[in-house]
Amino acid sequence: MSRRLLEGSEAIAEAMVGAGCRFFAGYPMTPFTEVLEHMAKKLPPVGGVCMNAESELEAIGMVWGAAATGARAATGSVGQGLSLMQESISEASLARLPFVVLNMARSQADYFQATRGGGHGDYRTPVLAPIDVPEAAELVPLAFDLADRWRNPVLVYGDYYLAHTSQSVDVGTRPPAADLPAKDWALDGTSGGSGRARLVSFLGDVKQRDGVGYDLADYYHRVGEHWADMARSIEPLVETRHTEDAELVVVAFGSPAKFIRYVVEELRAEGVPVGFVRPITLFPFPSTTLSALAPRVRAFAVYENSAGQMVDDVRLAVLGAAPVEFIGGLTMDSSAFGIGPDLDVRVLRSRVEAVLAAHDITPEEHR
Amino acid sequence: MSRRLLEGSEAIAEAMVGAGCRFFAGYPMTPFTEVLEHMAKKLPPVGGVCMNAESELEAIGMVWGAAATGARAATGSVGQGLSLMQESISEASLARLPFVVLNMARSQADYFQATRGGGHGDYRTPVLAPIDVPEAAELVPLAFDLADRWRNPVLVYGDYYLAHTSQSVDVGTRPPAADLPAKDWALDGTSGGSGRARLVSFLGDVKQRDGVGYDLADYYHRVGEHWADMARSIEPLVETRHTEDAELVVVAFGSPAKFIRYVVEELRAEGVPVGFVRPITLFPFPSTTLSALAPRVRAFAVYENSAGQMVDDVRLAVLGAAPVEFIGGLTMDSSAFGIGPDLDVRVLRSRVEAVLAAHDITPEEHR
Amino acid sequence: MSAEDDAVVTVTTRGTVVIDKDACKGCDLCIDACKPGVLLMTDTDLNSRGYRYPLLFEGCTACKACSQICPDFVFQVHKYDEPIVTHRPAREGS
Amino acid sequence: MSAEDDAVVTVTTRGTVVIDKDACKGCDLCIDACKPGVLLMTDTDLNSRGYRYPLLFEGCTACKACSQICPDFVFQVHKYDEPIVTHRPAREGS
Amino acid sequence: MTRTRPEGLRLVDTDAPPDRPSRVVDDFTPELIDVGEHHLCPGCGEPVAMRSLVEVLAELGLVQRAVTIFGIGCYTAFSNNLDVEVLQALHGRSPSVATGVKRARPELVCVTVQGDGDMVNEGLQELLHTAARGEAVTCVLLNNGVFGETGGHMTATTVLGQRTKNTLDGRDAHLHGQPIRAADLVAQLDGAAYVARGAVNNAGNVAKTKRMLQRAVEVQLSGAGFSFVEILTMCPTGWFIRTEEAPGYLTDTLAGVHLGGVVKDIAPPAR
Amino acid sequence: MTRTRPEGLRLVDTDAPPDRPSRVVDDFTPELIDVGEHHLCPGCGEPVAMRSLVEVLAELGLVQRAVTIFGIGCYTAFSNNLDVEVLQALHGRSPSVATGVKRARPELVCVTVQGDGDMVNEGLQELLHTAARGEAVTCVLLNNGVFGETGGHMTATTVLGQRTKNTLDGRDAHLHGQPIRAADLVAQLDGAAYVARGAVNNAGNVAKTKRMLQRAVEVQLSGAGFSFVEILTMCPTGWFIRTEEAPGYLTDTLAGVHLGGVVKDIAPPAR
Amino acid sequence: MSVGRDERVVIATGIGGQGVQLASQVLAHAAMAEGLEVLLFGSYGGMMRGGNTDATVVLGRGPVDVPPVAPTAWAGLVMHHEYVEPLADRLTPESLVFVNASVVPAETFAGRPGTVVPVDAVEVAKEAGSALGAAMVLLGALAGGTGLVGLDALQAAVVEVIPPYRTQHVEVNQRALALGHALAPDAPPAWPTAGVPR
Amino acid sequence: MSVGRDERVVIATGIGGQGVQLASQVLAHAAMAEGLEVLLFGSYGGMMRGGNTDATVVLGRGPVDVPPVAPTAWAGLVMHHEYVEPLADRLTPESLVFVNASVVPAETFAGRPGTVVPVDAVEVAKEAGSALGAAMVLLGALAGGTGLVGLDALQAAVVEVIPPYRTQHVEVNQRALALGHALAPDAPPAWPTAGVPR
């Protein structure tokens, strides 16, 4: 582990390599391009492969192949490129292929795509949304571990701020979790001729020995159980501040949450009973954290840089036990790369204050 | 209007042609293939064009082009093919292109993809889910009207049962609604050289006359307002039965709702105070219908042929005012084309009965 | 069977095939493939799946043409260590 | 300027260009394009955007090479109805 | 063509192995195919091509080094029916998937099995990029000029005049465009080291095709670049003809445009 | 190369139009470009190609019949800056989009404007299928061998030895694969009626390229099939060289592989 | 509750090639012509490339509420004993099971609810000109016995349903329907009041 | 509340080519070397191909809670008067504004909160060897006046930050830092206790 000042895109690349990622493929799109460039530099020296794939579809195809051999593999793009990959992500989940997909998103409006499986079918992918560079460096290795543990694609949801902010960060080798299952399903050719040659497929996981053809009913059923197990078993990650006695809890994720958290701390310092909840895993969502708070608070406020998507998950957690106010909205500059004028502590503070006023929540000493 | 016995796939094709659709492009995938075949037969005689596109991406690209000229245009596939189209659907919505997309789905597990915009960004598409062939013939023209009214892609969500059931149905020409806005934005070449040549783009809708480049902040903002307006303005369609005095309300959509509705009618005939709500527009969702019922019922039960997706929308509508029980689950045969053993009145009846028992709801005379 | 002619025909049989006739789907591909022309489809006789299937006559060369082209893996081809050579009056059938 | 030589040079100018110098990004493409070689980039003089830009000397043929290759649409090319023909001692500059 | 009973020959019992000394030279289902029974149609050319391919892998001693990557089409029936390792790819995506496998484990031999719908329609781009990159993988195209699996519609390789579900009167250039000659297109790319086109419509072509497959895999092993074998296969169902007509129909239609033979071979000769 | 001051010639005032009788033969920004100012780099070849294209549309009298379909790349700066109708396509999708426009309104003239990243990377398949279909549209490729817009990375057309952001020592066949010669690949398809390759690195090439564009549009009008013009353009930024070196660099690198000239013309001669 | 008073579910089963789908289509088209609402959901056994085939036809005097896989059958047409589940599973005491007695053993429905109506369908069909018309005989018998739809409508439907390149089969099927109809086996009437609304 | 007691926000503004980004990186790296937590968010004006450039550097004695766009500035480095908003907007009465007085008119921050510290940065930089080092002079002055980071750390950071093919620029920048540092303008100390934790 060494401590370095790294731009987010480089820190993510460094963390991937440190986590043992040895295959990366991508197609440029700002601000994902930066990660791709770093991977292209960092992988060959450690014996890894970085492919400048000719398109997003080809990138994820390559990762599909590499992951099937058991290599830790990743790809990414911005949400738009991920849209092109939806068929592959959905079916890779069915084929139980473990890999990591970065969405260096241009806003937070890809939340549904990320958390509901933008593609067809019932699959879901765990989604990790770091607030800043040091946390990204922590979550990237976790993403690979989750992928390997559950044999499922895992998403990391970043953005322009994350890619372009430099921070002091610990980087280095982070070996896979010790208790990960062995990749005995991975293809290496050796099982050929054994009568039980391996099969990695979204149509089934056993070769026929009698009978004819795939039984999708059986396979879908089994994978469905597996997904349900995954959703139940992964412990959601969440950051909370000042929730013990908060009357208003503000919920936000990713880089924008750093602005919101700052606002909350400012208000707290002024005696306002406000708290902060930040889902770190967007899926599974930390619903119980919110539902436990619901009976005790006067309201929730949700900030997202989108027209309002995570707010659904907050409402689903709270189920009417407290009002949920949306204080977000899409904000961007003319380039739409991910910077927005609303991402400003003063702007966000005024929105939180409006909710405080509406719910008549005042600093403690003023009551 | 003539009355004919038509298989769903043919009725849908007939309804599209009757609604003035003159451009169709698609790539085969069961059970969408059947619609494509019918369109290939029906369009040329009326001067329309049906393209056997070389892939789903090319199909939606062609439809993008045709729709931009103002033609009523449509494409489709199953959910898997729609996954490939997500980038295009999302950006077509930004470019405000009106066309219709059929999902002849293999299950109901594409609900999130359909209703949340499986692609990136905040866009949504209206989604119509017919219960059977006659309703499909009604909803298809409506889909084209909605597309033209809101200049947005519109989805029709069908399935194998719909494609392969024949029913007596009225088909014929259904002129576009009289109050649709004129397509003065559509490309026909004529505005060239005027100093105001038309532009159809997901980056903006005005050519620059001064300044340099697109202003995405402005354009996204305006389209975002438009989407919000669309979501607010479209009257959700919903079928209800026996909700006046129901103690349990069962919610289902599409073909499976026909099984559920039958179960509800059976139980009602036996005096059980059960009701039925069927969202016909999945987006916008008929939330107010459900929220109005919530205080009066003892429970809701939701059936879907999926691991549970629409159940989120029911919960978001009810917001804890009554318990919402999920009685669905993915069901399919070994082909996974869309037929499932659970889609059987007896199976579904027993699930509804279990909810009735759990909530202690009995036939009226037994109390 | 009246042998009106006493010309003698020499038939050399270098191998034979085992035919898994119930695996056959009656496509006829083996018939054309067999250079010596010693395969013939049944006429009315059908296998358990309802298909016609091939019959073998003397003269197989064990060339594997049939087994290589059969889509349903119906043939097991055996090559004799020594060919069988039969002399018999022409026009005589089985 | 000392004309040590009295040879006379004939310069034919068939047209001229108007240069929107503040539109120029100083790429030099026009310089090579100009066959008669009558365009020259400024040396230290910069336009309002900080770029060097082309200057025109006599002898333009109104061939449009510069305007056709300029990525920034800097040139308006005028073709004279009648060429200007100038005779002047060689080696004389502007 | 129907044959008549061979004159002067006796019927041979074919229910049991012979009792004279002999050895088995072809044993029903090839050893690398798990279950011989399959649901492909009578007279389909695809199982014939599959047989050749797995025999080549066995003969070259690559059984424990091979990963086959399958596309989606009728041949997908074999992706859970082989005794070599299989990676199932999505429709069209096999060449990229093979690239990922090969780059991650260069010691493996990677062979894709794709149909014309899979490879020349949905996945043409991946094929060409993979070839241009000179990727050391082998792509095998089973070309019957139709989407067999979905009911026999025209593909990008259907030749003019060919009958398919949506060109019952034969493909027409004006209405349906021109076919793509996949092998010739691939050969145009500098990264392609070996490109050949065979067929399985008669025993001679099967044997030739098998040699092409063998050479293609050898070229992959040599590291000279991308190798490609297109195999014309019969699809009596999609062509709406009788099984026994299919070999001849293939010769008259597909084979007249997609010309057989080695199109390109710039790899060094095999050791 | 830097030029020296021409000897013996006088400087001419270029701030105002001449006062002698004359007529304007080229007027700053072409009439079909709304705003001359743009954010493309100094020495970029793309605006030069754009100028030729819109001039051709104007000269053929097609201004009120044309729809241009734009891909995504640096040239997209022109998609909201033309006085002809524009349909913006997603990255790679233009040929299919153009197909939809043309099929829905056959009376229109459809021209796509795409870069090598757009057309030969992301959208190679659409290009080839459209060409094979013989679609009556014209696709124009602005080929600079880099993704200019995203910072100058290698594309599928980058020639061996060419400098890009990720091949600073030049593209290497072993590491990065071989380039695709787009025009030659398209010419291989029977549906392609006209295929040509020009460049804008000097005035002579600009003039030749303009004639190619004109012929391509005429071929489209003739209904003979698909037409295609590839134009090699300078990208000093992505090549990491000085603007004045770019035309020569183009000659030495791109133009040595992507050979200029009319590659194919099977359409009847223009009326 | 069993099926709605105004809806009649007919489930036909058999194996490929026995004319089950054709007969179901003829019934559906005939009912259409008589002004009934119709739903027809054909077998998907074909998709599985197996030999089984079945079809559900629902006729209604109002919009059809019965789903494509009906819970109960008002009547059945049984062509082969090897494949009867889709029907056998759905019988009620009121069900009428018209059985191709030429092929199906008498005991096939022993112990099942409903009334079995045996018809020597193959023999009668041969009389009509071809054994292949057996399913039509069974359908004719159903119509003749219950008045579900009229013979004229059925015969007219044959013309509609049989593809133009097979018109030579029209007459023999029409004859099979007529002979089956003439058998008029004893059965309760299909509809509460005689006749069918037009 | 204004910025946390243990966090120091420096916002640098200017136009392209004035060395704003370089100076910010040098500060960030120097702080890293001194064991501080660092956050640096560079201008994105460059993305817009405009000429403006700015950077936010946050130094902390614990994890940095300040977001990449900071609400207030503890100090500013102002290289050009044409582009000052990102800083001017964020001044508090405690802010220290180090101004390149060689270019920026005195009245630029009139009426704004905070203390302006004028530095003849261009002149001093010329002394150091090149006018291009002006931003370094300003940075040196900030460090010299407040003790934000040490001069050694800054000078070492220059070596880290300047790309290898430009090492000829290292010395002149180091000199500029030193001359700026030596100016040691009067200013309150950056940290409550002298020195910086290691």
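For clarity, chains are labelled A, B, C, D, E, F, G and H in written order, and residue numbers in each chain start from 1.
Note that in this section a contact is a pair of C-beta atoms (placed from the backbone, for glycine too) under 8 Å apart; a residue touches a chain by one contact, two chains touch by 3 or more.
If you're wondering where the values come from, they're calculated on a predicted model, not measured in any experiment.
A.B. asks: Which neighbours does subunit B have in common with subunit D?
C.D. replies: Where subunit B and subunit D share a partner, that partner set is F.
A.B. asks: When you check each chain against subunit A and subunit B, which touch both of them?
C.D. replies: E, F
A.B. asks: Report the chain whose mean Cα position is at the greatest distance from that of subunit B.
C.D. replies: Most distant chain from subunit B: D.
A.B. asks: When I count C-beta pairs in contact, which pair ends up with more: A-F or B-F?
C.D. replies: When the contacts at A-F and B-F are counted, B-F has more.
A.B. asks: Indicate the whole-number Å distance between the mean C-alpha point of subunit D and the mean C-alpha point of subunit H.
C.D. replies: Roughly 47 Å, centre to centre.
A.B. asks: Averaging over Cα atoms per chain, report the distance between subunit D and subunit E in Å.
C.D. replies: Each chain's C-alpha centroid was found; their separation is 65 Å.
A.B. asks: Please work out the Cα centroid separation of subunit A and subunit D, and write it as a whole number of Å.
C.D. replies: Each chain reduced to its C-alpha mean, subunit A and subunit D end up 60 Å apart.
A.B. asks: If you average the CA atoms of subunit F and of subunit G, how far apart do the two points sit, in angstrom?
C.D. replies: Their C-alpha centroids are separated by 67 Å.
A.B. asks: Listing for subunit G: what residues touch at least two other chains?
C.D. replies: In subunit G, no residue touches two or more other chains.
A.B. asks: Among the residues of subunit B, which ones contact at least 2 other chains?
C.D. replies: In subunit B, residues 54-55, 87, 91, 213-214, 333-335 touch at least two other chains, as defined above.
A.B. asks: Quick check on subunit C: which residues sit in contact with 2+ other chains?
C.D. replies: none
A.B. asks: Of all possible chain pairs, which ones touch?
C.D. replies: Applying the touch criterion to every chain pair yields A-B, A-E, A-F, A-H, B-E, B-F, B-G, C-E, D-F, E-F.
A.B. asks: List the residues on subunit E that touch subunit C in their complex, please.
C.D. replies: My answer: residues 1-12, 14-18, 20-30, 33, 36-38, 40-48, 51-52, 200, 202-203, 206-207, 236, 243-244, 247.
A.B. asks: Within their complex, state which residues of subunit A touch subunit F.
C.D. replies: That would be residues 27-30, 33, 37, 40, 52, 54-56 of subunit A.
A.B. asks: Which positions of subunit B touch subunit F when the two form their complex?
C.D. replies: 22-23, 25, 49, 51, 53-55, 57-69, 71, 73, 87-88, 91, 95, 187-195, 197-204, 206-210, 212-214
A.B. asks: In their complex, what parts of subunit A are in touch with subunit H?
C.D. replies: Listed in rising order, the residues of subunit A that touch subunit H are 3-5, 132-134, 160-161, 164-168, 255, 258-259, 261-262, 265-266, 269-270, 333-335, 337, 339, 343-346.
A.B. asks: So in the complex, the part of subunit F that touches subunit A is made up of which residues?
C.D. replies: Touching subunit A from subunit F are residues 92, 121-122, 124, 147, 150-151, 153-154, 156, 165-166, 176.
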